[in-house]
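Each of the two complexes below includes subunit A, the first together with subunit B, the second together with subunit C.
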Partner chain A sequence: MDIVVFFVASVCAIASATAVVAQKNPFVSALALLGNLASLAALMLLLEAQFVAAAQIIVYAGAVMVMFLFVIAYVGPRGEIGPGVRKPWLVALSVFAALLIAVEIVVVVMGASLGTVATVDANYGSPAAIGEALVTDYLLAFEVVSVILFMAAVAGVVFGAGGRPVRLSDDQVLAKEGESAVERRREASRAALEAARDSTTGESAR
Partner chain B sequence: MSVGIPMFLGVSAILFTIGLIGVLLRRSPLTVLLSLEIMLNSVNLTLVAFSRQVGGSDGQVFALVVMGIAAAEVVVGLGLVVAMTRRSMVLDTDELRTLRG
Partner chain C sequence: MIKAPDVNWLAIAPMMTLMIGAFVLLLLASFIRGRDRGLGTVVGIIALLASAGFAINLWSEPATTTMAGALQIDQLTQVVTVLIAGCGILTLLVAFGWNRMRENGAEFVALLLLIAAGMDLIAASNSFVTLFVALELFSLSLYVLCAFDGKSKASLESGFKYLVLGTIGSMVLVYGAAFLYGATGSFGFEAINTALSKAGSGDALVILGTVLVLIGLAFKIGVMPFHMWVADVYEGAPTSVTGFMSAATKIAAFVALARVLLDALPAMRDTWAPALIIIAVVTMILGNISALVQTNLKRMLAYASVGAAGFGLIAIIVGGAAGTRGLIFYLVAYAPMAIGAFAVISLHERDHKGIATLDSIRGWGFQRPVAAVSMVVFLLGFAGFPLTVGFIGKFVVLGSAVEGNYTWLGVVAVVASVISLGYLLRIMLAMFDRGAKSGVMMAAAPGIGSLNLAILLCLALVLIGGILPGLGLDWAADAAKSLAAGR
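So, the complex of A and B:
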């Protein structure tokens, strides 16, 4: 039974990972990554890591992927860039480097004598066991992660809020530069509107 | 436990390679971030597998910490993508080379 679940989950994980890399549309890539995360959670359940598997689904599939999909929807079709035209030697070098690392990992894993797998009790991988380790032995790492997450949230707000200058309202311009500035602004926006209308009618006539 | 730990490590190595190829070859920053997620997750699988091998919970705690760091990395990466979109920059990693010497 275990071996069937393992092979189904592994094939799903590898196929969806390939889809993530090969798809042009980032929306499809993100959905394929969702399948990859679910398959990995199944593999983690086979390793009796129930809490990590649940956290994988909740944190990744629940939170991170929703954020990804929001940004992909915000960016729109501009995000659709395929593998594109690259120098062939660059592609060959990239694939070669990746395969080199894969071979290295396989050689190390094959060469290492892992020995017998430890026997574990029913409590292994439960939220209680993980939680206890998290707030005793690994309290510092736990707190550092929370600080890093807070910094990342602040950075995300700063990045997201920057960029295009804010358009002031008429009242703010009036307070700052007086009546004539407001008139100039209105004139400018009216002229821009006229120009836009002219260009659209011109295009439809053509 | 009928499936050996090396099998999980093999799957993890394959996933890591696929993610690495994605990071190296794709030009859309969104897809690069998605491929990076594959790499981080394959390492998580390795940590959990080795944790099962030695029978301790240390590897699983490590995997949880990696998840937290990955979430932070995604926030910063997506923030950069949103900022690039707002400044009407081209979303292409080949075009973003102002800092290259």
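So, the complex of A and C:
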């Protein structure tokens, strides 16, 4: 039974991963990624990691993928990847190199000393065991990952919200850069307003 | 009841200071509006100085591990912490006049502090788990800094390319660590070393793991054939960030490589040493030859830094007390030259409101003589001329190569240095080209003062290190003892 589930999940994982990169339509790619995450969750279940499998489904397949789909739906067809530089020999060469590495890894893993099956206690993979590992052995990694998430939020603000307005009154700009700068600033804000109005009317017309 | 691991707060104070600095800065920035640039620079410099102070304070303490063995706090960690803090302060001075510092200065400095914390963590890492999360902390923040100039297409492209290629490097590293875990049952460097010295080095799983880890770290260092991202990323990134990358990223990645290869995988020397020798030779020669054909100065120096990374690999190949000391001193020596050279390019870009090429700098040396002469010193340092710290750095590494019976590698390195003179001299000659019509100099941009200060500080470090290297060499020798190979 295990072996059947393993092969079905593995084939699904590889096929969906290939689809993620091969599909041109980002929407289909995102759905293929969903399939990939689900089949990886099945593989984790086979490894007695029930909690990780459940978290994978809830967090990635649920929350993160919904965000992805929102973004794709919002950006729309503009998000499609252009033709780019597609030299056939380059594609052939990279596929060949990738296959070579894959064969190498398969050969090593088949011939490796991984024959013995480890026995784990009943508690293994439970939320309690994972929680304990996070606050004992991997405490530092756990804390650093939270700093990484914080950093990602800062990065999102930088790219999403743009710069904070620099508080300079017109007088200060005048003193610093001369009259034309004030004029330019007013011009720029007027243009931005106009553009915003155009885009909203365009939106409703569509 | 779960017993939380002991935390040696004093030992992790340097990293904590940087992270707290980043949080405090962002909090302050939301209350004190419109003063991003000054606030960011002041808080950033205070945090970096404080972290360096804590590190110096820890210098004479015995080496220790903390946080359940995730971190090893020893003199190598302290040297790297001080170095990264220095690189950060110089970078803040270079970036001060940049217009993005007015709009998003707080975020820029906060990310820089988090990068510094990540690099310190890398230097202190004692297991692949710590190494990976620390690597991601600094890499992800660095991708953002590369793309920080959101209005410039080149900057966005640089950040995106770095993100995609850097992530591949990280994935390969994790894959390799997973194989090593499968073979030895541990992520800890010491435990892996113990398991391997018992089991021998013949297991195919271990060999594959070693190779993948080596590839992942080679990506981060930017040595051939994993250097393809370097030129594009260095070119597109804001110049202050480029300088920081070429100095600090190299330090962090090289120390990570030294910890992994010399502390965790010394038993696999027969696997990684031949690979590193080939990589080092190809990188030194081809990196410098690629630099010869560039006309964009940032691309040229990017390839020069690829070549320099190949040179650093010699020290790891040699290993032992001499090799590790050479590596650490070379990293110390390289940092001020790299940051200084990119600071001069930054000054030129602000003068001419455009990118720096061999054509645009023609005759520029007469307009800014101090900066141009400093540039000459930095470039001579890259080539390894006497009286610069670059000479001592190269001398120590070459000396260790001769001592370790790798004299021929040293000869290759000297040949590569001669090739590098080809483009370094072209930059110097172009700056002082009398025949060129002196380009129209724009009105001096604000914030030039701190940029000049950064250039002069780098110049002083390069010259002092070149004339009185004794203290630095002693530190490097002490720090080398932190690695098993250096004892």
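To be clear about the criterion, the second predicted complex is superposed on the first by the 157 of 206 C-alpha atoms of A that agree within 3 Å, B and C clash if a C-alpha of one lies under 4 Å from a C-alpha of the other, contacts with A are read in each partner's own complex, and residues count from 1 in each chain.
Here is the rule we go by: a residue touches a chain if its C-beta (ideal position, glycine included) is under 8 Å from a C-beta of that chain, and two chains touch if they have at least 3 such contacts.
Being a predicted model, the structure only gives us computed values, none of them experimental.
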item	value
First (subunit B), second (subunit C), both or neither touched by A:L40	first
Which superposed partner A:V52 touches (first subunit B, second subunit C, both, neither)	first
First (subunit B), second (subunit C), both or neither touched by A:F6	first
Partner chain in contact with A:L139 - subunit B first, subunit C second, else both or neither	second
Subunit C versus subunit B, contacts on subunit A by residue	B
Contacts of A:G111 with subunit B and subunit C, given as first, second, both or neither	second
Interface residues of subunit A shared between complexes with subunit B and subunit C	105, 109, 114, 137-138, 141, 145, 148, 151-152, 155, 157-159, 162-164
Subunit A-facing residues of subunit C, complex	2-5, 19, 23, 26, 29, 33-34, 36, 67-68, 70-71, 100, 102-104, 107, 110-111, 114, 117-118, 121, 129-130, 132-134, 136-137, 140-141, 144, 147-148, 150, 179, 182-183, 203-205, 207-208
Touch list for subunit A against partner subunit C, complex	104-105, 107-109, 111-114, 132, 135-141, 144-145, 147-148, 150-152, 154-155, 157-159, 162-168
In the complex, subunit B residues that touch subunit A	1-11, 13-22, 24-28, 30-31, 33-35, 37-38, 41-42, 44-45, 48-49, 51-55, 57-58, 60-61, 63-65, 67-76, 78-83, 85-87, 91-92, 94
Residue numbers on subunit A that touch subunit B, as the complex places them	2-3, 6, 10, 13-14, 17-18, 20-21, 23, 26, 29-30, 33, 36-37, 40, 43-44, 46-49, 51-52, 55-56, 59-60, 63-64, 67-68, 71-72, 74-75, 78-84, 86, 91, 94-95, 97-99, 101-102, 105-106, 109-110, 114, 117-120, 124-125, 129-130, 133-134, 137-138, 141-142, 145-146, 148-149, 151-153, 155-160, 162-164
